[in-house]
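Common to both upcoming complexes is chain A, partnered first by chain B, then by chain C.
== the complex of A and B ==
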């Protein structure tokens, strides 16, 4: 290290040459900082009342954010929403709510009780999603910890371990143990290509032994990390016998989910909104002066040199709104079926984006049976098509609870979409019975939310291929004609996350502000 | 759509969206709230949306639409295991009342939108010869013939026509005993021997009705 620059030395040199921004960018490049720092200070230009007019298309998180920020600095904002509700995919389902699935409208029959709710869209917030946190904090939306990866929960595999659920803690401990034993023996027999010094070897063997909780002879015989079979309080703890190595190797959870919490978006501790994720939406609506026009489907978007005209249907009439700027969060896959005169490459980009998809089931259980098994929140994972059973982190020790009974992604969703709601619930109940005794007998009510079939949605975010992203992402971030911005989680690297929606709104607002300030400067000169 | 302004877009630019003079033969229809959901997939004025595989329906005859909606509802269309897109449509139709089906069919017939763009590379002149047989039922301008139960084909997306012809060929459509005209169509598919013939005839149909 003496001859080479240390990273600190490099950073101070870069800083001297390029200022703080250069240090920041270089730090990003070196992987020292995440770009999810504090949200950018928007510092939007205030305008006099009756100034520029803004149309926002879509009342999801991105649209609400833009409306809220621009209204605060004096703009006249109108939000047009195609569906009958505000919030987009930020959807918390409660007693009496209608789930507007096309062809299969459902009414939620959960108890009318404050803890009986289900977050059918976003449900977890990691701490590094700084923009979500910023708005929750500034809009006084209280948060609580939400368990996600849970050691006492189960992993379940119909083809292995006799089809019986295995505690996550045991699976993880045994997987590490087996791996460590192999490592230990390889070191012991000096099978490394690179010669290790005696000290190195001893240290590495100690590391392997600690990582896997090995016996003094380097063998793995199970670990208390995998949980107690019995005892541990008034009698000695008896550890579980290790799983069979081959069954563990054959099982699929080590590739499906064992490392899921290593993903920063799913890493503990996660947060959730007290009382339901839609309290974020309600907070925005509370702050907004403008009333969202619901049931208003856009029919035409016309870009002009000095603004944007939008035609929409409302209450059986065709109406037109003219604005100086338009912020559009309509799902990209609807845009080719809405007449517009956006630039051809812009339209081509929207048509090239492929919608994503998610599917969730929420079940009201008349008893919180999982708590009797020592499980408080967190998720069980199975190789069945439901993928996940996710126990609520709220309402602990209450009588009842609403859990997530299925969570399917992308191509997996079609399987459920082709069933009717009753068939989906029956399928989820049968899968649950393979994991928890009497699972289905506890189900009192259920809802299924297939985002690929929801009215005015028909998808969930975007799955960008690298090719399409390289060709169109930067283009679609820019305003068409300087007047029409595409926004939403679809225009981000975090599609299907609220942080993606906030980030895209922030990007558009910052760009908008630069243009408005530049115009003001030009006019000042004139 | 990408690449150039569609005809509707040009016209709208010229005359203004809410102008009294309409670029298309018919003024835009504002659907009642209960029929808005047709447009979620099939697009504004049912212009079609290739991304969600929802075909253009603008101006289709009401008798045909009504019949097909009943077909979806009664389970002789959109239930074959190979007809995945049809299965997506089936529950939408199943949720409609008879009265709503009537209204939906009238709505479809009243709409207009630009003719769809060609997306397939068939040979229209080869297709013209093949179409001679088709024209007996579907009409020489592919305008359809209600008396024979033959729908208009002009104005449908080429990709949709190809999908349907493939379904008639495989039996994913036209196999159900209740679907008498579908069975006739399936028999008529002998005229179109292979994929090339399908593409050619579809390319020819795309030239009709303008």
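== the complex of A and C ==
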């Protein structure tokens, strides 16, 4: 994606790719929908009770949102869900929960305690995800700050620094320091193509010096920003010796993760739902009048001129539902296998989308050993296949805690998927032992959630190539035949984030409302 | 302070200044006391009930800690406190509280609601303040993560960027970007004194490029790290146009506050006490058997060969207490005015210490307007005299919130101290209006706490010049006549932090214990 598009260039690009309709829709998204600002006011047209029927396919965040909003203005809504539970990839695992993986079945053996939970799907919320924040607020779902980037945590690289974990604060301070020293020297020598004026030189050298905490001569000799080696309270603070610049340059973390908190989606402060992310799901279910039909697999979707018919299998029985509109959050990669009469280009678009993958392990630790190391939440990053150890920042000073013991992405997940659950936990335990002393001895229980093997999911975090995006995205945002909307984080620029799911629901609802209002006007109804 | 001291250099320096005793004490601090690691095991000698009497002067964190620890092992402890309340500068202001300022009296008009509080003293706890963490844990004081550095918050500079607030994330991304572009160019031109090898050049250019999110040609053209101008969810993310490099370089924030979170004391994640910092004080009071004698001003301290006599004024009556040991946390700047027979060099040291100053304003806002701007805690920084607007990160999505409307340091405080409380609030309101639309209209109630004018305080955050530190610090850590200990954050390298107070108490207790054990051994008692 070209990161330097202006709004105008964007509109002309989209116009070139998808014609006038696409331009209209994009304008809608940019303008009316305030994509980056406050959530759109939905202002949905109220309908008389029983006025129109809605089918929602899939009871994840997008489906629940559509159902909730349309029920509130009078629609009859039915929700069909393939799996045995509501929530989709918003999954919080607790004591006794069964992990619904194809081929393996795990039962969560965490303690039956309100703090012992594991968010196997989304786990953090940035404030600029305005739709998530809006629904948490309006549904009274309490939030708290979550530590993500943690300077006392470690970066660990088996190939550098003798394989020993290095405190994030030291790595960051030294990376900044060396970079600033180089810059300082370059400015000092003033050998740019256009040499700098004396004033500019001075200001820039001060800038570099401040940025890197340099010595008066512009050299970097380490910094208290990297943490104290000793002292600081009863005796003068003694700084750590700096890392070797060459080792730092050879190491991978500056490329791999050091800058992740620079991304707005991971920028401080992040938030989390008090008690587990699925409290959002529970809040929707509490508000809904309709009961979600679980264990119901869709077998046929039939678009008609005045509505949509859906056939599904429920406990071995084939059932049919007819509705005026359908909102479909079935993962795109399942759609080609479900008989349907959606337009060919629409079907081609769904077939061209590629499912991503995530893998997570949650481990209940009998001791919050990380707190004894001065770590209170946030993540350690390693070049081992587990990628991350993420410590809980809720329940500080409690006896136990559930941490994230592995977090793999996309192609990395296959490595774990080939193992059985016990092997995965053993692997994560061994990796942890390379970072924390006695790590494995603290593990009391663990679960692994491979989204690529979870029943009714088989992937998550849709990936769109530039080409597929240009060809199909605007089309798939639009309702097929004016009656069938594809929704879900898959139909957004934030797939794998709840905000993407909420955004797709918002887009569909606003488009739906525009059509309903236009129809009403045409029929002289207000 | 020389930041590059090795442990050995330090010991030799201290030896030069203070002689053998100082070396011994510093070694004690560095070794036995684990100054930067876990808190020391106190392992205090138990004494028979009524075995020895202790007087503690001042019921702040240091005094409470000493009293708590000595009571637990059998000592009779009495605590004398000059003011009408316990806690010292650990002060949480709530509905109905009176601000005990000399000359002005304010009553806090915040709502009577558990979330409506203002920490007028310490407000954040970094995890490496191990003693604070230890006492919070052992006294069951619940903690939560506190947002401090917030990328969606603003930096504001009346002299730059047309006086408009700039999102922290943009300022930071652009500062990094421009710095990295300069470095990239310098490496590309390779005109250092010792030119770089081709491999090093390539790796360094990649480093600079990653660090700054540069274009393929090494230029900086803005970054999505700076936040989205629009889009990102239903349409492609469009990045903000970068700030002008010259304006950024001219602006003050990179020098003034951009790097504050690089300091371990302000590094993420920070924590706060659930419900207000004074829950630490309340926990101590709950545990203490002795009742703190309030409104009791010390009038004389008399060191004897076998103990200490203290005369104090209590409700107009002159009373005398005799004890075996005295732990004194009276602010150093009051000591010269209290008649005493402490050794002359000890008195000279106390007289040489200089009190610092802090000033804070707390404002109850009837609407959490900052959340509508995507800010969920953390601080906005401005070059106006208020310095900071710090948004609460607890009570997210509540109706109201108490924010910090001004935070001035040392010499800056005089400006506010000259005003009356109403004028201070008006000034803070006017400054806020330059940053947030309608800021002043949301203010429902406010209090100002000028530590330099607070009765029985008249300052906070002792400053030690290098010279005074070298001459007197080690001496003042030691008990005068083996009987009178000075304590408090003032006797630490972390004055104005609770950790400094806890550390000084720990030092005094360990030294005291060593002496008591030595005496016991001498007398053949075990």
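Throughout what follows, the second predicted complex is superposed on the first by the 489 of 526 C-alpha atoms of A that agree within 3 Å, B and C clash if a C-alpha of one lies under 4 Å from a C-alpha of the other, contacts with A are read in each partner's own complex, and residues count from 1 in each chain.
Here, a contact is a pair of C-beta atoms (placed from the backbone, for glycine too) under 8 Å apart; a residue touches a chain by one contact, two chains touch by 3 or more.
Keep in mind that what you see is a predicted model, and the values were worked out from it rather than measured.
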By the touch definition at the top of the document, which applies to A:299: first (chain B), second (chain C), both, or neither? first
For A:239, is the partner it touches chain B (first), chain C (second), both, or none of the two (neither)? second
Identify which of chain B and chain C touches the larger number of residues of chain A. C
Answer with first, second, both or neither: which of chain B and chain C does A:104 touch in the superposed model? first
Tell me the contact category for A:334 with respect to chain B and chain C: first, second, both or neither. first
Is A:418 touching the first partner chain B, the second partner chain C, both, or neither of them? first
Pick one for A:348: touches chain B only (first), chain C only (second), both, or neither. first
Touch check for A:320: first (chain B), second (chain C), both, or neither? first
Using the superposition on chain A described above, determine whether A:494 touches chain B (first), chain C (second), both, or neither. second
Let me test your reading of the model: by the given contact rule, A:375 touches which partner, first (chain B), second (chain C), both or neither? second
Applying the document's contact rule, which stretches of chain A touch chain B when the two form their complex? 82, 102-105, 295, 297-300, 302, 309, 311, 313, 316-318, 320, 333-334, 336-341, 344-345, 347-348, 351, 355, 414, 417-418, 420, 453, 455-456, 458
Touching chain A in the complex: which residues of chain C? 1, 3-7, 10, 26, 29-30, 33, 35-36, 38, 127-128, 130-131, 133, 136-137, 142-147, 149-152, 169, 172-173, 175-176, 179-180, 182-183, 185-187, 189, 191-193, 200, 203-204, 206-208, 210-211, 213, 221-225, 227-239, 249-250, 254-255, 259, 262-264, 267-269, 271, 371-372, 374-378, 393-394, 396-397, 477, 492-494, 499-500, 503-504, 506-507
For a test of understanding, state which residues of chain B touch chain A in their complex under the given definition. 1-6, 8-9, 12-13, 17-18, 28, 30-33, 36-37, 39-45, 47-52, 54, 84, 87-88, 90-95
